[in-house]
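Following are the structures in question.
Same chain, two partners: chain A is paired with chain B first, then with chain C.
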Partner chain A sequence: MGTYENKNNLFGFLLILPALAVLGVLYIYPLIRAIYISFLWKGQLGLENYTKAFALYRKDIVYTLGITAATVIIVFAVSMVIASYLRFKNWKFLDYMYRLPLFIPFLIVGHAMRVFLAQHGVMNMIISRLTGIHRLPGLASQWLGLTLAFAWVLSPFAILIILGAFKAIDDSYVEAALNLGSNKFKVIIDVLIPLARPSIMVALVLTFVRTISSLTIPLMVGPSKPTMLPVDMMFRVNYYNDWGVANALGVISYVIVIGLSMYYLRFMVTERGGLKH
Partner chain B sequence: MSKVKVFLVVFVTILLIGVAGITFSQKDIPIHVRLNMMVAGDQNMVDFFQYEIAPVFEKLYPNVRVNVVGTGPGPAGSRAIIQKLQLEKQSGKAKWDIDVAIVHEIGAAWAMKDDLLKKYTDFLVAKRLVTRGTDKMALGVNVDGYVMPMFHSQTAIAYNPDYVKNPPRSYEELVKWVKEHPGKFGYNGIKHGASGISFTAGWLYWKSGQIDILTKGPYDKKYEKNWKSIFTDLKEFNKYVTMTSGNAGTLDALNRGEIYMGPVWVDMFYTWMREGRMDPKIKLLLPAPGMPGQPMHYVIPKKAANADYALKLIELVSSPKMQAKYIVDRFNWYPAIGDQYVKPYVSKETLGRLYRDITPEDLLKYGKPFPLTGYFEDMLEAYEKYTE
Partner chain C sequence: MATVVTKGLKKFYGDVHALDDVSLDIEEGTLLAVIGPSGSGKTTLLRSIAGFVKLDAGKIYLDGEDITHVPPEKRNISMFFQNYALWPHMTVYNNIAYGLRLRKYNKNEIAEKIRWVLQLLDIEGLEDRKPSQLSGGQQQRIALARAIVVEPKVLLLDEPLSNLDAKIRLRIRFEIKALQQKLRLTTLYVTHDQEEALSIADKVAIMHNGKILQIGDPQEIYTKPATLFVADFVGTNNVIEKKGYVRDGVKFVNLGKLVLQAPPNVDVNKVNIVFRADEVEIERRNEEIPGYDYRFDGTISGKLYMGFKFRYEVTVDDENKDIKVIVNSDKDFSIGDKIGVFLKKDKVFIF
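This part shows the complex of A and B:
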């Protein structure tokens, strides 16, 4: 029995080996190298890159965190509303339309939002026509515009995941709650969301990671200062050939994401432990 | 039956012409050459060489096939080319893969430092027609003999004459104007495109009063003593300014009337105008004491396998007729060689457009190079430190 299991293990290992190799070469090795380079200053190990990163980009780190958090909150709100609605009502039009941004590349989104949200852009023109108010601020060059652009392009992912989880919850739970006198709003808060919590967390973590690592959208939308960390990283490499500080900024982003993942993992463990299957 | 006959006759004729073509064209030089070209620039520049210059060149030299590879715009594109050359040098190969490259000034400067280039312009006729001196110095590095400019690009201030009746002619007047019209001057900072960097360099030229030292050297930190106040002043100035999102963002904002003035790349401005994407009323000016522009350079790597054909290609694209047709008419750049040599071959329409607002005299007086690499990097970092 033991040998059979070992053989099986080996076979399983061989099956995942290609994937592992790709992960090792394209992810783990560059990660280790990035961390190493971030401590390399003029050929010697030290903390200078981090000192410089914090001296020059402290504001940008906070700003990046803020934008990312705001995006996650908006995406959460939007996806809750749409996923809940589609859980109860089968509106085909909305079901197709919410997926639309999924098929549009970030680059195009950035450019479209830059035109749409500009001071004299399409959105403000429509608002001016409707309300008669002519002096409107240009959201395209503000943090709010950047957050909206992110929320627009990232919400469909979250909705897709969360709606899937909502639909997987058996109707009997919902019907039981409704029969006992609950309304739909309470069903969402007390039944659907708690049961779909792991999926919601996955959706939000994915939103967080995709926002914090996006380069093209903050290059085209949002204020030119402060700016998101990937823009700073690109700037360090392109104009100073300074991989040290660029990697230090990268490692700082990693740490932020890892911090979040730790929280998520701990949450998952307690969740599983708490359920006691 | 007759159809088959006709077909056969046509087929054989084509075959014969083909065979004759091949035998005649390659009779004297039976060597196949693959000319590898690397271009630091936008895709339109890569397409230009691959689809327009390559066919012309291959017609002249049928045994040559031109292979163009693009490495992307900006200094990053040049960096990729130089890194490739460094690797070839380290590998110790007798012949290198790249035969000809187009790099920014900074790329030429980097390449000189590592001794990666071949001295070739002694054999180049077009070198006699260069008038602006950019073929001799690149960001303070002596490149004489190693580079031939492809074109000159220039930044300038675009303004809408509907709102700006008496445009400011210098940075000093501009500051006054901006304080009187808050939010109506826009530029893109330093991280979202080089027109903003260029505006910043002009600011530094004006405030420091040391254009010569900044552009010709020597590089010494002692000249940067008062930079803190220069860039703190720029921070104050920025309070009255709209920040746009990139080179294109400035042009868009001008078109939509959100801003009345802003720094732009001249070639991009006129290309947009020709394509009908730009309000035709908008004009350009070069403010005193000047704003930077830059050439891009043809270089031949030190151990290029096909340096002979590389030289012929550079000669081909540097003639006054070719410069007029492509560099000026098509891309709205300023020519690499003297304007007077190119002018007779440029279409009247282009001539009126390109030299309408900014005269060749303006260009000579206020068209400046970018600061030396050392000053350039310090300038960007000073902006990050004191202005942002």
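This part shows the complex of A and C:
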């Protein structure tokens, strides 16, 4: 019995070994290297890179956090509305449309958003037609434009995850609430969202991580100052060949993401524990 | 409490006729049981009355008012779901309180009503648990409590006992009946268990392929089944299909030496003789039992000990050697014994 289990464990370990190796080479090694380099200043270990990073990019760190938070909030709102709608109503057009950005590369999305949000771009044209207001600011080089671009690209992932979770919830839970006098809106709040909470958390964490680590979109949309950390990192390397500060900025992003992950994991543990016994 | 009337309900899913012209009445304060095999449309009927099915045709009336197009949340008809559908993220208390909060009762009233219903169903002390921390029987009662605490006009029960152990099922059957009578709940009770339906109902409807085949009080359904399907579905039955014949314009069918007259509307090429395993008696071939109208002969070909009775398989002495019937009896015979099977006229149905 014991040996059987040991053998099984060994076999299981062998099965995941390739994945572990890839993870080690592609993820853990670069991570450790990046942390190491971020503390390396003129061949010696020290905090100089961080001092410099904070001195030069404090504003950008705050800006990055702000854009990321705003994106997460907008994505949450949009995905709630669309996932809820599609949970109850079968509207094929919307079902296809929301997925559209999934199949478009970020580079093209960035460019499309630039055109769409420009001062004489498509969005302003439509708004002018509808409202009659002609002097509208272009959003393409503003933080709001950047946030909207992120929201458009990242919402489909969130909707996909949340709608999947909503659809997995048995109809009887929904019908039981309607049966007792609840309306659809209350069913979403009282039944669907609480039961899909783990998936909603995953969707939001994913949105957060993808926003904070995106390079292409902030390069093409949004103001050039302040800008997002990945852009700063690129400049640090390309123009100054300054790997130390670039890696320090990278590690700062990591720390933010890890902080969020800890919160997420703690949430998952209490959630699981709460559901079990 | 209220009366429910449905008129000509139809619901098709592609080629499947889930409801095919279903018309029925549930009188105020009574329990109508709908029985039928799985897939006969029982759940669809229930969900229609609750408002969850978009009907293809027909009307539903509650107290004379047309509610066909009233949304489910405005009907005040409580449904008990076959899988209970207790919300796993809410405590028992919050599950039961849900409908009360929507009805804008204040905190004290809600607490009072929940205390009342928990006491009524004998499940006090579970308020703070989550549904996953309860046994099947407890979950069943909480679901029932959640449905009745809002004082619905109609209670719809979808196979409320099907997920319980056989032993608990029998006891809860009595309790549901007592509860329904005490609260005078207008109730539609769906089950595939004919014994459960007959024992609990004021009226029984038999459903098959989306159609109501017969509706009546339990004795009527049991003693005067209207169709072969009803006769076969109710009770443990023998159904013997034989070719009949016509003599002087009257239809007959033979079973061994026994000659039975068939009703005029049967198809003589396919006559079905139906009787219940419990409503016949057997005796040794050379004996007679007084008080019985019919007799045919056979040989014991199988025997099961059932505890309080024996269950025999009897091969009938007929030109068709394959005819076997099931008979329950407390007399002790052995395999190979030659016996006579005795029946009463009103316990044999011919379709």
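Going forward, the second predicted complex is superposed on the first by the 276 of 277 C-alpha atoms of A that agree within 3 Å, B and C clash if a C-alpha of one lies under 4 Å from a C-alpha of the other, contacts with A are read in each partner's own complex, and residues count from 1 in each chain.
Here is the rule we go by: a contact is a pair of C-beta atoms (placed from the backbone, for glycine too) under 8 Å apart; a residue touches a chain by one contact, two chains touch by 3 or more.
Everything numeric in this text was worked out from a predicted model, so none of it was measured.
**Q** For the combined arrangement obtained by superposing on chain A, do chain B and chain C clash, or do they fit?
**A** fit
**Q** Regarding the shared-chain residue A:191, is it in contact with chain B (first), chain C (second), both, or neither?
**A** In the superposition, A:191 contacts chain C only.
**Q** Could you tell me if A:231 is touching chain B, chain C, both of them or neither one (first, second, both, neither)?
**A** It touches chain B, and chain C stays clear.
**Q** For A:114, using the defined touch cut-off, is the partner it touches chain B, chain C, both, or neither? Pick first, second, both or neither.
**A** Touch status of A:114: first partner only.
**Q** Counting only touches as set out at the top, which of chain B and chain C does A:176 meet: first, second, both, neither?
**A** After superposition on chain A, A:176 lies in contact with chain C alone.
**Q** Counting only touches as set out at the top, which of chain B and chain C does A:42 meet: first, second, both, neither?
**A** In the superposed model, A:42 contacts neither chain B nor chain C.
**Q** Residues of chain A touched: more by chain B or chain C?
**A** Counting contacted residues of chain A, the larger count belongs to B.
**Q** Please work out whether A:129 is in contact with chain B alone, chain C alone, both, or neither, and reply first, second, both or neither.
**A** In the superposition, A:129 contacts neither chain B nor chain C.
**Q** With the two structures laid over each other on chain A, which partner does A:240 touch: chain B (first), chain C (second), both, or neither?
**A** A:240 contacts chain B only, not chain C.
**Q** Quick check: superposed on A, how many Å separate the nearest Cα atoms of chain B and chain C?
**A** Between chain B and chain C, the shortest C-alpha distance works out to 49 Å.
**Q** Do any residues of chain A touch both chain B and chain C, and if so, which are they?
**A** In the superposed arrangement, which is not itself an observed complex, chain A uses no residue for both chain B and chain C.
**Q** Which part of chain B faces chain A closely enough to touch in the complex?
**A** For chain B paired with chain A, touching residues are 74-76, 79, 188-192, 196, 242-246, 249, 252-253, 256-258, 377, 380-381, 384-385, 388.
**Q** Write out the stretch or stretches of chain C touching chain A in their complex.
**A** Per the stated touch rule, the residues are 47, 50-52, 71-74, 76-79, 81-83, 85-89, 98-99, 102-103, 130, 132-133, 146, 150.
**Q** Would you mind writing out the residues of chain A in touch with chain B in their complex?
**A** Answer in residue numbers: 55-56, 59, 114-115, 118-121, 138, 140-141, 219-227, 231-232, 235, 237-241.
**Q** Mind listing the chain A positions that touch chain C in their complex?
**A** Chain A residues touching chain C: 170, 172-173, 175-183, 186, 190-191, 194-195, 274-277.
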